[in-house]
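The structure that follows is given in the form of structure tokens.
By letter and in written order, the chains are A, B, C, D, E and F; residue numbering begins at 1 in each of them.
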Amino acid sequence: MRPVRFDPAFTGEVFLGATPDYGEARAVIYGMPMDWTVSFRPGARLGPRRIREVSVGLEEYSPYLDRHLEDIRYYDAGDIPLPFGNPSASIERIRAVAGRILDDGKIPIGLGGEHAVTWGPVQAAASRYPDLVLLHLDAHGDLREEYEGETVSHATVMRRAVELLGGDRVWQFGIRSGTREEFRFAREHTHFHPFEVLPGLTEACAALADRPVYVTVDIDVVDPAFAPGTGTAEPGGISSAELLQAIHLLRGLRVVGFDLVEVSPPLDPTEQTQILAAKVIREVLLAVTESAG
Amino acid sequence: MRPVRFDPAFTGEVFLGATPDYGEARAVIYGMPMDWTVSFRPGARLGPRRIREVSVGLEEYSPYLDRHLEDIRYYDAGDIPLPFGNPSASIERIRAVAGRILDDGKIPIGLGGEHAVTWGPVQAAASRYPDLVLLHLDAHGDLREEYEGETVSHATVMRRAVELLGGDRVWQFGIRSGTREEFRFAREHTHFHPFEVLPGLTEACAALADRPVYVTVDIDVVDPAFAPGTGTAEPGGISSAELLQAIHLLRGLRVVGFDLVEVSPPLDPTEQTQILAAKVIREVLLAVTESAG
Amino acid sequence: MRPVRFDPAFTGEVFLGATPDYGEARAVIYGMPMDWTVSFRPGARLGPRRIREVSVGLEEYSPYLDRHLEDIRYYDAGDIPLPFGNPSASIERIRAVAGRILDDGKIPIGLGGEHAVTWGPVQAAASRYPDLVLLHLDAHGDLREEYEGETVSHATVMRRAVELLGGDRVWQFGIRSGTREEFRFAREHTHFHPFEVLPGLTEACAALADRPVYVTVDIDVVDPAFAPGTGTAEPGGISSAELLQAIHLLRGLRVVGFDLVEVSPPLDPTEQTQILAAKVIREVLLAVTESAG
Amino acid sequence: MRPVRFDPAFTGEVFLGATPDYGEARAVIYGMPMDWTVSFRPGARLGPRRIREVSVGLEEYSPYLDRHLEDIRYYDAGDIPLPFGNPSASIERIRAVAGRILDDGKIPIGLGGEHAVTWGPVQAAASRYPDLVLLHLDAHGDLREEYEGETVSHATVMRRAVELLGGDRVWQFGIRSGTREEFRFAREHTHFHPFEVLPGLTEACAALADRPVYVTVDIDVVDPAFAPGTGTAEPGGISSAELLQAIHLLRGLRVVGFDLVEVSPPLDPTEQTQILAAKVIREVLLAVTESAG
Amino acid sequence: MRPVRFDPAFTGEVFLGATPDYGEARAVIYGMPMDWTVSFRPGARLGPRRIREVSVGLEEYSPYLDRHLEDIRYYDAGDIPLPFGNPSASIERIRAVAGRILDDGKIPIGLGGEHAVTWGPVQAAASRYPDLVLLHLDAHGDLREEYEGETVSHATVMRRAVELLGGDRVWQFGIRSGTREEFRFAREHTHFHPFEVLPGLTEACAALADRPVYVTVDIDVVDPAFAPGTGTAEPGGISSAELLQAIHLLRGLRVVGFDLVEVSPPLDPTEQTQILAAKVIREVLLAVTESAG
Amino acid sequence: MRPVRFDPAFTGEVFLGATPDYGEARAVIYGMPMDWTVSFRPGARLGPRRIREVSVGLEEYSPYLDRHLEDIRYYDAGDIPLPFGNPSASIERIRAVAGRILDDGKIPIGLGGEHAVTWGPVQAAASRYPDLVLLHLDAHGDLREEYEGETVSHATVMRRAVELLGGDRVWQFGIRSGTREEFRFAREHTHFHPFEVLPGLTEACAALADRPVYVTVDIDVVDPAFAPGTGTAEPGGISSAELLQAIHLLRGLRVVGFDLVEVSPPLDPTEQTQILAAKVIREVLLAVTESAG
């Protein structure tokens, strides 16, 4: 009996234009709906599903890149079911999923969720690409030694990454908030480009041409005017147009993994944050599946 | 290559507990995301997806009925893609889908959407069950001869049904709003039980034991206090507890089709309307797959 | 040149069904958009306009009363422009407007605004009807001697009325909040029916058959479940169905003035409060223009 | 009997400063409250009334233009009552209204509503000004051949205009979203200025000095940060300051008609979109009644 | 130098009427702002502070009990700083605080926060009152053996309590949702009064006259119409008036501890849930400090 | 008995990092929760408490200034209890508080509340610093002779200041809205820098090196995109980054008082306005306690 079944993209079950065929996909979208170590304003667990939902309102064609989603293949795996309130078990599960995707020769495109989730795919990518470089766009350094007694949280994730990769393989852009200690540490250890994104990222692109690169974008790198739906909004950021330009710069790199985190839909009834996130993912898909390979 | 893919119910892609196997399903849930003839407050197009989304917050067990969703089989077909702004083409598409489900020997469980959509499955069911009886729970009679120049709209759908089935095969419960003409028409032609639901419905159950029955519930039969997320809220309705009791009465009937309409999530930031709707659907699934057959 | 001009009721400029002819009107709706002495949650200044706006979603026919708005004549004067932040000048202006309406032989139907505004029409009615009786439906006694140093505010308005009319001509229903002193005062001086409305109001109707009556309803007499959009919500009130029944009891009285106050639309995104208020006004118009005369 | 009646602008019944005398008006504001072909997020039907409502919060003086609304005359006709869910009948009714206004020698200033409504006044103006030129500010090209089976919708309206006027008489500014086909068509047929507004518009002003011009502005030409209340928000747009500058450029043109569409108040609880829209209309009134004639 | 400092209750820093003198207090209010094991809709971490904030809108006098907050003494300790995302450390910290309060001879009045927090004060009270009885008002049984791999969570807290105290010392009221297994367990082990509250609670009061009693109230025992701001709303509950009556019944008991949990302000923009919670706490303070001792 | 009491900054009772020791404080934060003369959209009374609440989400370190809140001392006095609906008594009370703080040798940092409140601290500072200069950042001139019959309101406050200080001691920046008369007055009497802030402010800093300066910032000087939560939003303003730069310029001045007004949290569900306000206050504390003295 042939089932009655309608297009899953229509109601946001999968990201706009995703193929139902995992095998042929070059990239794999997956959700990391975790927000339990968020300090003040939870809600990021709804990020992935709302980004998918609004994606259907976008065009599949990018006039910026003159490329079309039909020309590429990517799969949407849905959201990883995570154990509520257990950060370490959650991150371990995410690490395993990202590893599976990498082992299948595909690019993991993660949707968060709070920034602590990035620790999963970064570990997975580092173990498969020994010379991995990490690019980090964010308002916050996330470089604390520990936070509220935890060594892995949204506030410490980049410190862990520096320990894993060495600071020389970590580039940070747009940082405009942190402890004095975090700024000092960043200035000493990472490629640190505070306040601005495009100049530093252009420099990184020139330096990293053939290196495998993992890119993590915290939506709060953008000013709250353009992305109010995020847990720790920080006034004074870049515009959404600048973030799109940054994504377009990625075409020149060999991106092996990407995530976009801290989209918190309950905090933005206008939905502009989710819509920006969906547009960023569309541009990433078009930019990254072109360059990687 | 085995795809990475997570449970679709987790993020509300399908209703809680739905089987992925259409063939074995006794009932089929489908969405009718139409709200273009809504007069004042659109938003019901988002009803089906939000009902699915919140369903995951419910238990699968009903302590009212002492039954469990695991004991029954139902499928979720997703939302029917409808042509925006074209009511007649939309309803025709819905009619065809409901017909397909009926022809496959299954019970269609429709999620609306504005009430005009009911005209689709009612026609489909009437053509397959010549002695079909229609039960209608609503704040509004929906018995206008025409509305804003249209013969099929949310305000006329029951008039069309009376023309199709004859008033003697139409029962109406809970009606507390309409034109003087609609109330006069109802009193003369239908089994009319205004203001209250349970007494009349009990009477109907006694009278209709073996007849095939289609049940349509407009969520606004419930007072706005219990279901504020609806396009034409009408104060002075029954409680949500009474609606659940009404659903439980359906166990004594041979229900061949059901729909729940006018759930408009953008109008209810508390989400209680959607949660009530999901609970009603759970109870309907448990009550109707028991009785029908 | 004949102006291009569309129906003002369509966009809520006037209350549903209002006549453009002041002269023929039996009742006159007017708005009192004041909320500057509100203690905690302002917003009631938007009450009158939002009540008008949602009124267009109601039917003009009342199945409760079997009466139709077409059968009666009432005018909508719009909102009185009030000096922001100046309560005494505002109330004086309201008093003058209500007096004008009474002098024209019509029934003033006021929409609030905070409860302090009632002091305007009560003074106006008392000066024209020496034996005026005041009926007061509210969660709060509003019987303070003074409040925050002011003698006229939403918390003192009924105390002023008792001083003006004598406690024997004041009936209070549904009161469930106040100071110990207010409850003591009410028990000693007014016809005091705390917690409940219908039994006491039935008693009042029997006692007051021919007396001129002014009725003031604070929407918070209803439980917040049925009317969350109000400045000082007080759990444990009557249902909206009971309020509608109370309005229907007014048919037996000679109502010379009416107001409905404390509707605060910004506090109720579901709009159910405004919709209830509009329905109450419809029923009042049908009940009061029948009885008064 | 002199009616009690208060200033209709106070509660937003008419736009700030509108004259009650149609005959003397140089421009006529009218609402087109249609949103039934909107694809994803309805609500634009409330645009016109909310723009009026917030207009009372603006000053009547423009320090940008050093002009004052008291110096000019314009009338507000209210919202056109449109048949819910019937796009073609709605647009026909709008066309007739705009034609009436043009025949009376006045400039129609339309408030939307979804962009499909523009098809009404454009037809009306084209039939009266054979050399009409159309200026189009928008995030989307709206150049589809058809959309969801309909030839007239918000996504096709400019394609219809190109067919009517010829592409040479259509200028498009700020477009940053569309199908590949739409961008190709625009590049071949219209005066196409994607992504930016001011450079192209300056060029248009130089080229079109004496030509009759109709200007249609989709509020989504502005970035969602400045106008989140719109149905298909598209990140990466111009700022509100740039839109105001664009309006000021219109002083050099002979504008015979104008509309501002896709303002969707339910999507913007902050109301900034409506406030921007009202300010744009104020500047348009001051700029256009000066230049046209 | 005498500091400039204003009344902390005015802005909701402490609960209405709280004494600044810990020593003289008979009861101590404290917040448990934890929501990290919440399954679907976080936000309860804001419960305690918003309950305090709206408390200033209440009267200090209860006309139900004819008692006044001035007649009693209670202290507000503020919110316990909890380690984000670490449930076991959080509960341990709460246990210690509640123990301190009990050791000081005072009644702990906890504000949640998700229901898992109750495990802290219940352990504290049980270790100090060997014959402690637990009264549990809730929509959910919270009797799971484990949940998502955790043994202490909002879904298991009562199971842990039964293990600690024995089912014979646990009374449950109003339960209307759970697994089949939970209902079976409750029927076999606890004093189980599903669906209703008042009859069973009256029975409990008669049976428990002199026993030390800890009372935990999940706000979702009330129907979502009366308390929509809660994480797992369950339609079909009791009214807010019934909950107030239940609180009044506590006067007959020796209450040694109390908590009210699952108030989630971000889910209720009308604030009625928080206001109900504040009123419940007022009545608890008046009822419990009277009876306990 | 040592009280159980938790950190008051954790739940927003005091501003991030405030000392509990008034005596050692160099600056004193105080709230002015008044909004009763607001014309259209009340809510600013909640500004102070919500600014405090979100402050806990900020870092205590400023990477812009490379300074840390731990290095300075400031006290938070809470909100001044003001008589609802009585502007003149409210402003008098504020004047007295600001005077007390000045007399204690500290810098008053006021949080509004509507702009009328500034009249309090300006009078207090002027009486203590005979050569006081006033810097005013705002979208509106606030220079009306009177407004709605009142001489002191949010629309007249700067006119009163000019009368008190003389126009030569008043500098205005960023003004983009007002009556024709206000703009004329400003151009003739004050140091008037309309539309922009930074160029004029740089000029002022050069001119005013040793003069005692009071700075008042209306949050609406910023574009609504960056600060939508304000009563009379005016599109076309500066960015939040520019406002932060303006604050940093204050380091070169001798600031003796400061206020930030018109933050209206109910109008901004995204909370970005409050967060911007808190960040401005952090930077002011760091900039001003450095320079003043």
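FYI, a residue touches a chain if its C-beta (ideal position, glycine included) is under 8 Å from a C-beta of that chain, and two chains touch if they have at least 3 such contacts.
From a predicted model like this one, the values you see are computed outputs, not experimental measurements.
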Taking contact as defined at the start, I'd like the list of chains shared as neighbours by chain C and chain E. B, F
What shortest step count links chain A and chain D in the network of chain contacts? 1
Taking each chain's centre as the mean of its CA atoms, which one is most distant from chain C? A
Looking only at residue numbers at the chain B/chain C interface, is the share used by both copies over half or under half? Answer same or different. different
Looking at A-E, C-F or A-D, which one is a repeat of the C-E interface (more than half the contact pairs shared)? A-D
For chain D, which other chain has the most distant CA centre? E
Taking each chain's centre as the mean position of its Cα atoms, how many Å separate chain A from chain B? 40
Could you tell me the distance, in whole angstrom, between the mean C-alpha positions of chain B and chain F? 55
Where in chain C do residues touch two or more other chains at once? 39, 223, 225-226, 269-270
Give every touching pair of chains, nothing left out. A-B, A-D, A-E, A-F, B-C, B-D, B-E, C-D, C-E, C-F, D-F, E-F
Write out the stretch or stretches of chain F touching chain D in their complex. 39-41, 175-180, 183, 194-195, 223-226, 228-229, 232-236, 267-270
How about chain D: which of its residues touch chain B in the complex? 35-39, 42-43, 45, 83-87, 89, 148-150, 153, 266
Contact footprint of chain B on chain C as seen in their complex: 54, 56-61, 63-64, 66, 68, 223, 225-226, 239-241, 244, 269-272, 275-276, 279
Contact set on chain C toward chain D in their complex: 1-8, 10-13, 22-23, 28, 30-31, 33, 48-49, 53, 75, 77-81, 97, 100-101, 104, 269
